[in-house]
Amino acid sequence: MSGNDNKCMEERIEGILTSLMDSFSEGKYIDQANSYANVDEEQILHVLEDLRLIIFQGFFSNKRFKVFTTKNNTSMLLEDILYVLARQIARVLPYEKEIFCGMTDEELQERALDLTLQFLEKLPAIRAVIETDLEAFFDGDPAAYNKDEIIYSYPGLYAIFTNRVAHELYLLGIPIIPRMMTEHAHRETGIDIHPGATIGKYFFIDHGTGIVVGETTEIGEHVKIYQGVTLGALSTRQGQALRGRKRHPTLGNYVTVYSGASILGGASVIGDGAVIGSNAFITSSVEPGARVSIQQTTHKGLPSAMA
Amino acid sequence: MSGNDNKCMEERIEGILTSLMDSFSEGKYIDQANSYANVDEEQILHVLEDLRLIIFQGFFSNKRFKVFTTKNNTSMLLEDILYVLARQIARVLPYEKEIFCGMTDEELQERALDLTLQFLEKLPAIRAVIETDLEAFFDGDPAAYNKDEIIYSYPGLYAIFTNRVAHELYLLGIPIIPRMMTEHAHRETGIDIHPGATIGKYFFIDHGTGIVVGETTEIGEHVKIYQGVTLGALSTRQGQALRGRKRHPTLGNYVTVYSGASILGGASVIGDGAVIGSNAFITSSVEPGARVSIQQTTHKGLPSAMA
Amino acid sequence: MSGNDNKCMEERIEGILTSLMDSFSEGKYIDQANSYANVDEEQILHVLEDLRLIIFQGFFSNKRFKVFTTKNNTSMLLEDILYVLARQIARVLPYEKEIFCGMTDEELQERALDLTLQFLEKLPAIRAVIETDLEAFFDGDPAAYNKDEIIYSYPGLYAIFTNRVAHELYLLGIPIIPRMMTEHAHRETGIDIHPGATIGKYFFIDHGTGIVVGETTEIGEHVKIYQGVTLGALSTRQGQALRGRKRHPTLGNYVTVYSGASILGGASVIGDGAVIGSNAFITSSVEPGARVSIQQTTHKGLPSAMA
Amino acid sequence: MSGNDNKCMEERIEGILTSLMDSFSEGKYIDQANSYANVDEEQILHVLEDLRLIIFQGFFSNKRFKVFTTKNNTSMLLEDILYVLARQIARVLPYEKEIFCGMTDEELQERALDLTLQFLEKLPAIRAVIETDLEAFFDGDPAAYNKDEIIYSYPGLYAIFTNRVAHELYLLGIPIIPRMMTEHAHRETGIDIHPGATIGKYFFIDHGTGIVVGETTEIGEHVKIYQGVTLGALSTRQGQALRGRKRHPTLGNYVTVYSGASILGGASVIGDGAVIGSNAFITSSVEPGARVSIQQTTHKGLPSAMA
Amino acid sequence: MSGNDNKCMEERIEGILTSLMDSFSEGKYIDQANSYANVDEEQILHVLEDLRLIIFQGFFSNKRFKVFTTKNNTSMLLEDILYVLARQIARVLPYEKEIFCGMTDEELQERALDLTLQFLEKLPAIRAVIETDLEAFFDGDPAAYNKDEIIYSYPGLYAIFTNRVAHELYLLGIPIIPRMMTEHAHRETGIDIHPGATIGKYFFIDHGTGIVVGETTEIGEHVKIYQGVTLGALSTRQGQALRGRKRHPTLGNYVTVYSGASILGGASVIGDGAVIGSNAFITSSVEPGARVSIQQTTHKGLPSAMA
Amino acid sequence: MSGNDNKCMEERIEGILTSLMDSFSEGKYIDQANSYANVDEEQILHVLEDLRLIIFQGFFSNKRFKVFTTKNNTSMLLEDILYVLARQIARVLPYEKEIFCGMTDEELQERALDLTLQFLEKLPAIRAVIETDLEAFFDGDPAAYNKDEIIYSYPGLYAIFTNRVAHELYLLGIPIIPRMMTEHAHRETGIDIHPGATIGKYFFIDHGTGIVVGETTEIGEHVKIYQGVTLGALSTRQGQALRGRKRHPTLGNYVTVYSGASILGGASVIGDGAVIGSNAFITSSVEPGARVSIQQTTHKGLPSAMA
């Protein structure tokens, strides 16, 4: 490139830079100033990885340290989580302005440590319920040759593992971080379970891609859901005005929801043992034991659109 | 292993190698020769990451260099993009044979630099429209506790950010690279928006998994779409013969399309303010303000398939 | 933090550790002891990456070694796969207890090497059929500007490449590893094709997110399927009792299945040239050449749920 | 390994752990508690690398960001140093108890930033003097084919570059960090120049291994020293009592010191233009222009030790 | 490059390969076959790094895991060493043919574990003696501003730390590994202390480059040595015939050896409190309290060689 | 930090940047413009590492690819070197202005490939002579327990390996790169052997730190040199005027040079079988079989300097 061209290029870069600097000073929400105080997703995922090592004790290798004894391995992981997660929690607590406003950095840090410890104290209980999920997966899927295959490769188990962990953080009132975890699982699996959703034991997800489970959903025990199921809100036209209100359905025990079905609205209660067929569209309650499906009117001949 | 076995193993490896070498010389399309001249996806994703750092100024940490002043940080990112992207563009330009045939390497390189600069000059405008998307996301979703949560974790925002960036490269006539970007977002989010799609301000995607938006789709302002929505082509039986023709729908302003709905065909125009219900299947135009849904004939009793 | 607080924190950590150690000794399935003997997903994905370098010879750069001659590059990749894959296979063979029970480590290792070599011997044939898939993708999609774009960015091609590789390992009776590969592709693409599925030449997947293809599915040649299609089982209530039985459909040649359609059950045979419309729900056989769709009863007015 | 052996091993590990915990609580200096507040050598070397990129502008590639314009590249490096170095300086300032005792963390941080900026303001002057060193190296060494070879590979230039940088930090009263830099150069080159040493322009070091230049050494302009030269203290029996006192020699301009020579003591002043021969052992002053060497009494016949 | 040239290049590569394959089959010692069974230096250095983290408890950050409690941090490091070092020891034990010949792999592995545990049991004692070295360094060097500076940057302390660790492995009869450790320190510091050397408490090395301490050297307490000192063998003409014999000197307590001095031969005993001057060349014993130096015959005038 | 301070800091950074930009435009040698065209040391060391894998066939693991067959491993390494080294050679050839002036980039690239191939053709011969060095090391050193220990850990072997490789590149007239290799070995080992030095078979270096071997040195077969030996030039006052002239000594066969001895000058010829004692200072020729040492006048009593 000739020196002249180079000159011209530098001028164009300079011009772009100037217009971006102008863009940064327009007061838009995305014109934020301080990237050092922000939550770091990489660290959150690191914690999630540590948690998987603890919860599925013995299934995944710890590549950073080689440790023979389970106890040492576990204590090391616990402290790693404590250190990393507490720092990230301290960064997000100020989002809860009513509670944490006016706290000094040190107070925030202590509060974050305490919350992290409270969370870690839940781990044995989380393990116990994930064991029931594993059983439900194995019993429900004839394609599963053994339980290890499920642990190593089933997206549904990864999604419910992530939800059970994130849900505890959500219950502790920690902002943003639980959602980062479940959206990570969403990216990995196509299964979008909000950390606010309450899910009972022996939960089974098959295939899973496209599943949506909303924030105020309540799910009983021994429930099965398939790919493409939505447990969602009715119209959200009121937007932020609906925040905090129950707007997603409640499912009893032993409910099955087949692929592509949608159950919408906070008033929709699906009774114990009900079965919702594929592609059904439910916006009100269903009685216990009911079997609901859309009317099938399959016919020969395609709409012209597909001819 | 005994030496004998080892010998045998080497012979088998040699046999496999020979048959593969034969396979490589059959003139198949996948028998290509020169891997050094090819586009490098890793570099493309590196550029996309840099762009996210610029567009969401201050939200994500730059891990490679620690920089206090926004201006220096931005100029550094601009140059990094310029260097990396221009090299990759120079590699793909020859795909556009009618235009770039016969250009020397140096001419290609200069053209690539110029195209990259043209692209970078669009960044302030891209930022302005993404700010409107962010507002639409926050207003539309009661589950969003604040805008940072959206920026850090919403797959829909990532998908529309990627489309807005890739669309500008598409408009500049750059082959392959825009698609690599949107397919990356597709992998991450399950949302498949072709870089050719034209999308207005205040666009809101909820959950998103399974969304498909085709190349010649046009979308107005303040449009909302939910998971599983297809804005697609009618039958593509003619295949390559359809290339370049308008074959995907047009949506007006303030249109809402609920989960699982499909709108197909280049002649389908959805009027301003129309609402398309879940799982609707639309292959012709819809009037402004219309509310369209499939007939619900839910009934008790499952098809035997699900009993 | 004061020394006192620190003391308290250490006590709490100790308490968590103790309760976790108790949790590990309850005999749950997830309380496994030896992480060193387990299959390592990272290694499996490394093998998949090597295979992509061989199969799409010349399209992706080998970043670990710079090699001019195709032959040397290929032999190096073959040996790398042989070394890494054989070690992982030796780890999973004991899952097939009836066959490998009582084998010494050395015998397992030799058997694993032999299986890996058998697999590698299939590579030229795999390449030949993937070439036909590439043609089907290009012919079927007017949005594809050239074949390179497909190789570099189409999730559907990645999914079918992974299935074709994993299917050969599945046929060799290797446990767990084939599923890890296809679930990786599932995560990347949202397309869940079980390694057991048998798929003919010239297979075309468009967009792909949400596709499910079950273990005992059989698919003919020149078949096209779109996003959200399920080729699944009917009720799996009997769970593990169904293992090994034919429970997914059979598709003839030149069949097309549009987005969102479900075809369920091992007895469902779709005849040559049949076309299944969007969102159709098929649980029995369809004659050759038939065109099947759901009855469309679109109407103005939304259900109150969406108003 | 049998379970029994494993048990035994765990007990032994436990025993080792207990004895180490006892060892940690004996109040030794090396039983320190808090590793998070300590200076991080990796960060110091990162700064040194950044400084080399600035000082030898254009000779070494910046691998983290690709930047065309010198100005942007430089500003980015400056800020990176500012961020990283200031944090490390804030960690070491408390070593200077008389000065920084009682400062809050924030005051320390501000002071550290100010010191870092003062240091950076010296960079143009440092560059100017290193240019003279480069000339001295080229003029003095017939084995140097060109100046680039010196910049890319001469250990002597690396050592003097490091000293000139570390010396400025030393003059600003920053503890520990300057020495970490020069000891790094010592490791790389075998040349041990204390950051306290004051060295004039046009300094030339040939080969360099084994050179020692003490803290209070003063060196004029156009001085040459060869491998194995010591500019050291006389007996340091008094140890810490000598701290801060002039105890190393002073060399005038145009002095040459050949390989293996030692010049010791704070009172030893070597006059302008003096030449000190190989292996000479000097403990008092030498007049300007003098030529000093040890008496050579080479003779035939080896001491029995070497026969 | 034209195809013709390319052909030619491939032929030349083929030719080089053939001649190398011939070279590999000539039965030279460097024509070894199996790289998988060999000791891995990277792992050895990893162990050395872990040991530094334990011995200087609290001075260096553990970057792989963040751990608050010293005990957990230590137990994790112990197990990491146990795992990694035992595997490497099992690889080198077969070098000691008389002892380990005929052992099965499992026996070797158990023996290696036992040896590693024996080594780890020495750590508290090693820490105690390194504390005395640290004191000697601080007391002896007026340039040391505090002990942390010594721990962070003094090459002499790194060399003696490495020797004390490697010496224990040497005493356990482990081949090759101890030497790999001390040669690593040699590379880093220019100080070459053989792992066989026996060194008393309060050992002080100043500057250190060029120091050589031979295998059968014995050194008392409170000894100081300076750069360039050799504690070596007399003529080693007999080569391997001397193996195992005492051939390096013995130094009493409170001995000082100034820079460049050589003390050679297994019969040379340096009495308590003796001081050996710079560049002295000692091949016989020296009485306690003696002060020995070479005759200085400095004169004006250089040999023509340096004129 | 307050906004005001921040402002002030930005101004200071701006000031530093401006003064550096001024510094860059003063026309100094270190004000170079284009960092992209420069030789990349990292790549050179990568080549050296590959060469070590080939030359010590089977001793070091190849971590990038796992390959069973020696032939494939070797061909892969050859091509990697060819690719990487040829690119770096093409960058340095223009330093030889008389020869390569006016060549196009393509011609330079072809020439670089040819030179790299010429170099690779020397590898079998290099291996043969390094085998003799290994024998000399083992025979000469009673501290060597076996030859593997030498290969894995002796700095002297690494230095002579590097010289033998670099010397061939030097003979091919390649600028800068050979010196980068030997200076790397110098950093690692403290042994500075210029790539121009010609060294016969069975060369043995013991300990090695501080050794200097000049560019025009010639060394026969079966020569031994110890730490601190200089084979150097006499006064280099004439500097660049001496370039290319013979200015370093010539050593015959079976010569031994003990630690610290210096042999200087191009006219100094050391006859076959001569032995040069420790610290001797030789500036003229020595007859075959002679034994030369300095007169030892050790005496009791230290110079006051050390008292």
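So that you can tell them apart, the chains are marked A, B, C, D, E and F in the order they are listed, and the count of residues begins at 1 in each.
Everything below uses one rule, namely that a residue touches a chain if its C-beta (ideal position, glycine included) is under 8 Å from a C-beta of that chain, and two chains touch if they have at least 3 such contacts.
A quick note: this is a predicted structure, and the numbers were derived from the prediction, not measured.
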{"item": "Touching both chain A and chain D (chains)", "value": "B, E"}
{"item": "Homomeric contact chain E-chain F: same or different residue positions, threshold half", "value": "different"}
{"item": "Over-half contact-pair match to A-B, picked out of the listed pairs B-C, A-D or C-F", "value": "B-C"}
{"item": "Pair joined by more contacting C-beta pairs (C-F or A-C)", "value": "A-C"}
{"item": "Distance from chain E to chain A - Cα centre to Cα centre, in angstrom", "value": "52"}
{"item": "Inter-centroid spacing, chain E versus chain D (mean Cα positions, whole Å)", "value": "23"}
{"item": "Whole-Å separation of chain centres (CA-atom averages), chain A against chain F", "value": "57"}
{"item": "Chain F, residues touching no fewer than two other chains", "value": "9, 13, 68-69, 75, 79, 82, 190, 209-210, 228, 260, 278-279, 281, 296, 303, 306-307"}
{"item": "Full enumeration of touching chain pairs", "value": "A-B, A-C, A-D, A-E, B-C, B-D, B-F, C-E, C-F, D-E, D-F, E-F"}
{"item": "Partner chain D, residues of chain E touching it in the complex", "value": "54-62, 70-71, 74-75, 78-79, 82, 109-110, 113, 117, 120-121, 123-124, 127-128, 130-131, 134-135, 138-149, 151-155, 188-190, 206-207, 209-210, 227-228, 234-235, 259-260, 264-265, 278-279, 281, 283, 296-303, 306-307"}
{"item": "Chain D - residues contacting chain A, complex", "value": "6, 9-10, 13, 68-69"}
{"item": "Chain E - residues contacting chain F, complex", "value": "1, 5, 9, 12-13, 15-17, 19-24, 28-36, 38-41, 95, 175-176, 179-180, 183, 186-187, 190, 192, 194, 196, 209-210, 212, 214-215, 228, 230, 232-233, 236, 238-245, 247, 258, 260, 262, 275, 277-282, 290-296, 303-307"}
{"item": "Residues of chain C that touch chain F when the two form their complex", "value": "64-69, 72-73, 75-80, 82-84"}
